[in-house]
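In the two complexes that follow, subunit A is the common piece, with subunit B as its partner first and subunit C second.
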Partner chain A sequence: MNFTSFNFLIFFPLLVILYYATPAKYRYITLLIASYFFYINIKPVFALITAGVTLSTYLFTSLMGRTNTGPWKKRFMVINIILILLPLFFFKYFNNINAGIFALLELFHLKWPLPKIKLFLPIGISFYTFMAIGYTVDVYNEEIESEKNIGILALFVSFFPSILSGPIERAKNMLPQFKAQINLDYNMVSQGLKFMLWGYFMKLVVADRLGIYVDAIYGNIYQHNGTSLLFASFLYPFQEYADFGGYSLIAIGTARILGINVMQNFNRPFLATSMSEFWRRWHISLISWLTDYVYTPLSFSFRKYKVWGIVIALMITFFISGIWHGAALTFVVWGLMQGLFLSIEALTNKEKSIFEKKHNLSKKSWYISIGVCFTFLLFAASEVFARTTNINDAFTVYRRIFTVSGTLFIGRLSILIYGIFGLSILLLKDLRDEFAPSWFLLFENKHKFVRVIAYSSIIILILLIGVFDGGQFIYYQF
Partner chain B sequence: MIKKIVFNIAIVFLVVFVLDFAIGRTLQHFYFKEKSGACFQITYSMETTKADILVFGASTARHHYVPEVFEGTLEGTFYNTGQNALGIFFQLAMLESVLKRYTPRVIILDAEDSFEKEKSSYERLSCLLPYYREHKEIRKIVELRSPFERVKMISKIYPFNSHVLTVLGMNLNIIKGDELYNKGYVPLDGQWENKIYPTDTYAAYMVDPNKVIAFKEFIVRAKKSGASIFVVYPPILQELNIRQEIEIRREICLNEKVPFWDFSSNVLFYNNKGLFVDMVHLNHDGAMLFSKLIAAKIKDAINKRMP
Partner chain C sequence: MERAEVLSKLTVIFRRLFSNDSLALTNELTAKDVGGWDSLSHMLLITEIESAFSIKFKLKDLNKMKNVGDMIDIIIAKL
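Here is the complex of A and B:
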């Protein structure tokens, strides 16, 4: 089951009824059962890994809670982190490590061929592993107390709206909510439904439609000219935003209907004027997790190197981010590119601020536009590595963009028209939300008639031009 | 509060229901008024054609069977129901609809589409959704997409999802399709000028049992109807990963005592770049040669059966 499956449209309303019918004290149990039911529906065996991560985390954080000081507390934390990272490493990186070892042995003329093990990556493992690590570190740092109720902790790890692709939530935000007596709240339900509706629009109308074109080009890079590859490379970041941003909104909306507030994951990223701003708007939950648990401790350790310490911390953080996305060289390059862009900004930040102040540029629309376009270009350029399956293909895309001219591949024109139409609506909404949030209100209009027509129009648009047979969410693979 | 939530949701549903009904019915009206294009060809094949010789298949069917050759050799009317990328499920649905109306004299099944288990084979059955309501005989096949198809059909727009531009374009004569004038045959121009790359001819993949069952059902239904059925595996430019596929087809045809002609290694076509536009599609010259061979074989087979 996933958010775009028909099963979910049956499952979720039934759950909402059951959830609010359960006495408030026991609602977390309903939610826990529903979360495991949701996850088991994808592949039953995956739930065992989730349960294992929960058990290990519960056991070791409980031990940490009982050990006030001393080296044992740290040992328990390290043991738990290693234990919960094991399944992630095994499923995500086993084949790559295997191939690496064989390649190394071959250098010494030692051949030891073993068949590849075909492993299915348990969906969401990267997300809930990070959540469990975050919780373990928070308990170690005494930012929160270890959770006594294993049911609440199990729900935190397996909470169905966020288990598949985040947002990567924090225990200190979620655990109190799961324990609180939540009552049905009209505003929460109303907001949740709006988020879900817009999320479905982003996913079905924009992401999956653009995906048809992008897949057609990137699925056959050697047959397409530079113009088509360039166009597809510009479309891919929008596809990814609509896909992952759409997923996140559905997840946030689903949680909100259940009375739970989940953190925002995207904030109009393509209106960022610099890469540092971009990364405060794109996959916010991952970046804030990495900032708290990787970047901040690292930059503290390297503080004696001053600005170069920041550069080293940035490079390592985004290297980890790349590896987290996938066990491939393409993701390493992708991560290092982000680190490089941010490092350059960190190194030139002072001069840039002086220049902007001197010429009073920061509020000039042309300057903002240039910043927005340049940031998009940098991100789109790095996304070539995220979209291609290997490093050779990524360089082939670049080479063909600069060397093979030709007319744009259109394919079925209707696909492009629907996709660009949907994308225009999405970008116009983002522009309005950013620069004129009180203009042209539809979902938030004070007249009920306008709101009803706005919701209905989005549903009709989804029915008319949404892609119902589209692929899974892009971030499921991570 | 619950009342307020339910009431507001009900209002939105009501408006959506009215809009869905109005837009869906309008789309349905204009969809069936199309006079050319791929959708029209499906409608024509399912609801109108009474051709003596019918070709079923995917893209190779569409591009390989020249109407004039069959009409001349077999002395009868001809129509090609082949549709790009639509495999055995679609072909079986098409056959069910045709047989509900009449029995063609000759049925040719161009069985090139893969038996590999692929989600897309089911997704592509969406092209049959506009016919779901009126054609009960295809419902079982359409429901292979998902068990909820019947529920989804409550929406009047759903069957015409993604059709809005084509319906507009066809009815306003902005888009033109020429399938009607070629009796379903679409000739291809050009020759394969690129290198022939070696392929892994024995790569393992999972066979979809539903496809094998559908293939068998197609043959049994066509045979039972009294039509003369011939199964053809089309020529290819170079050996592909198809041996397993061909053997499955051969065995079923042998059991059902239906002629199965495998052209995949035919010397006239194999490695003959001048007759192909890509690895599997013949150009018009190739299609002419192929059509002549098939038409002559069918004529021979029919003559031999005659007392």
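Here is the complex of A and C:
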């Protein structure tokens, strides 16, 4: 089951009724059963891995809770992290490691092929494994006590709104909410519905429409000219934002209807004026996770190298972020590009801020616009590696953009027009929210009439130009 | 060392690092309130503080620094 499936349309309203009909004290149990039902619906055997990760984490964090000092506390943490990373490595990287070993042996004229296993990546494993690791480290650092109730911990790992693609939540935020007695709150339900509606708009109208065009171009990069490839490469970051940002909003909205607050995952990323700001606005839950559990410990241990210590820590962190997305060289390059952009910014940060202050630039709209465009260009350039399946293709896209001229491929005009129309609405809303949050209020207008018109228009747009056979969310593959 | 003394020494470091001569430190001040104080500059700040006060932080201390007040508490405990 996923958020755009017909089953979900039946599952979710039924769950909401059942959830609020359950006595408040036992609501977490209803939610836990529903979460496993939701996940089992995708592929039953995957739920065993989720349960295994939960059991291991429960066992070792309980042991850590009892071992207040001494080396065993650290050992329990390390054992659990290794244990729960094993399935992730196996499913995500086995065939790549296998191919690597094969290639290495071949250099020495040895042929020893291991059988290639047809593996399906259990959806969400990269996300909930990181959540379980975060919880384990938090218990070790005494930021949180080890959870005594295995049901609550199991719900944290398997919580259905976020199990498939995040947001990668923290135990500190979620466990107290699952334990609290939640009452039906009209405001929470109304906010949740608004988030869901906007999330569906982003996914079905913007992402899946743009996706048809981007797929047509990127599916045949050798047939298309540079103009079309350039245009598709500009559209892809928007498609990804609408896809993953839309998914995130549906997840956050679903949770909110159940009375649970889940962290924000995107914050108008394309209005960032630098790459470091961009990475505070894009996939926020992953980057803040990496900041806390990878970047901070690394930069702390390299701190005697001053700014170069930060550069090394950044490169390693974004290398990990790259391979987290997938075991492919393209993602490694993608990650290293982000690390490089951020390192250059870190190295020039001081000069930049002195320059901005001297010429009083930071509030000037033309200067902000240049920053926004430049940041987008850098990210779009790196996304060529995220969209192509191998390095050769990525370089072919670049080469053709600069060498093969021609007129823009249009395909079916309606697809482009609807996609760009939807994207314009999305970007206008982001602009309004960023620079003039009290202007042109539609969803938040004080007149009910305006609000009803606004909701209805979005629903009509979804029904009229939404793509209902667009299939999966992009981030399910990670 | 008195709290006030730590505060004035910190103010010098903060003003230099964030190129802001009018920056006034308070206990409640957090990274959000200071332009340029992000996860990249934070570690430079930590290194500067360590050498200015001749102390060594632990990673755990960093997690406890939620604002400037916490920072001063931790520095005083190390002196």
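In this text, the second predicted complex is superposed on the first by the 476 of 478 C-alpha atoms of A that agree within 3 Å, B and C clash if a C-alpha of one lies under 4 Å from a C-alpha of the other, contacts with A are read in each partner's own complex, and residues count from 1 in each chain.
Here is the rule we use: contacts are C-beta pairs under 8 Å (C-beta built on N, C-alpha and C of every residue); 3 or more make two chains touch, one makes a residue touch a chain.
What you see is a predicted model, and the numbers here were worked out from it, not measured in a lab.
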Specify the outcome, clash or fit, for subunit B and subunit C once both structures are aligned onto subunit A. fit
Examine A:466 and indicate which partner it touches, taking first as subunit B and second as subunit C; both and neither are also allowed. first
What is the contact status of A:300 with respect to subunit B (first) and subunit C (second): first, second, both, or neither? second
Just to be sure I read the superposition right, which of the two partners does A:320 touch: subunit B = first, subunit C = second, or both, or neither? neither
Tell me which partner A:55 touches in the superposition: subunit B (first), subunit C (second), both or neither. neither
Could you look at A:291 and tell me whether it touches subunit B, subunit C, both or neither (first, second, both, neither)? second
Applying the touch criterion given at the start, work out whether A:417 contacts subunit B, subunit C, both or neither, answering first, second, both or neither. first
Just checking: does A:455 make contact with subunit B only, subunit C only, both, or neither of them? Give me first, second, both or neither. first
Determine, under the contact definition given at the top, whether A:353 touches first (subunit B), second (subunit C), both, or neither. second
In whole Å, subunit B and subunit C in the superposition are separated at their closest C-alpha atoms by 37
Contact residues on subunit A for subunit C in the complex? 141, 143, 276, 280, 291, 295-297, 299-300, 303-304, 306-307, 309-310, 313-314, 342, 345-346, 349-350, 353-354, 357
Please name which positions on subunit B make contact with subunit A in the complex. 1-2, 4-5, 8-9, 11-12, 15-16, 19-20, 23, 120, 123, 126, 146, 148, 151-152, 155, 157-158, 160-162, 164-166
In their shared complex, subunit A is touched by residues of subunit C numbered 18-19, 35-36, 38-41, 43-44, 46-47, 50, 59-60, 62-63
Note which residues of subunit A are touching subunit B in the complex, please. 6, 184, 186, 189-190, 193, 413-414, 417-418, 452-453, 455-456, 459-460, 463-469
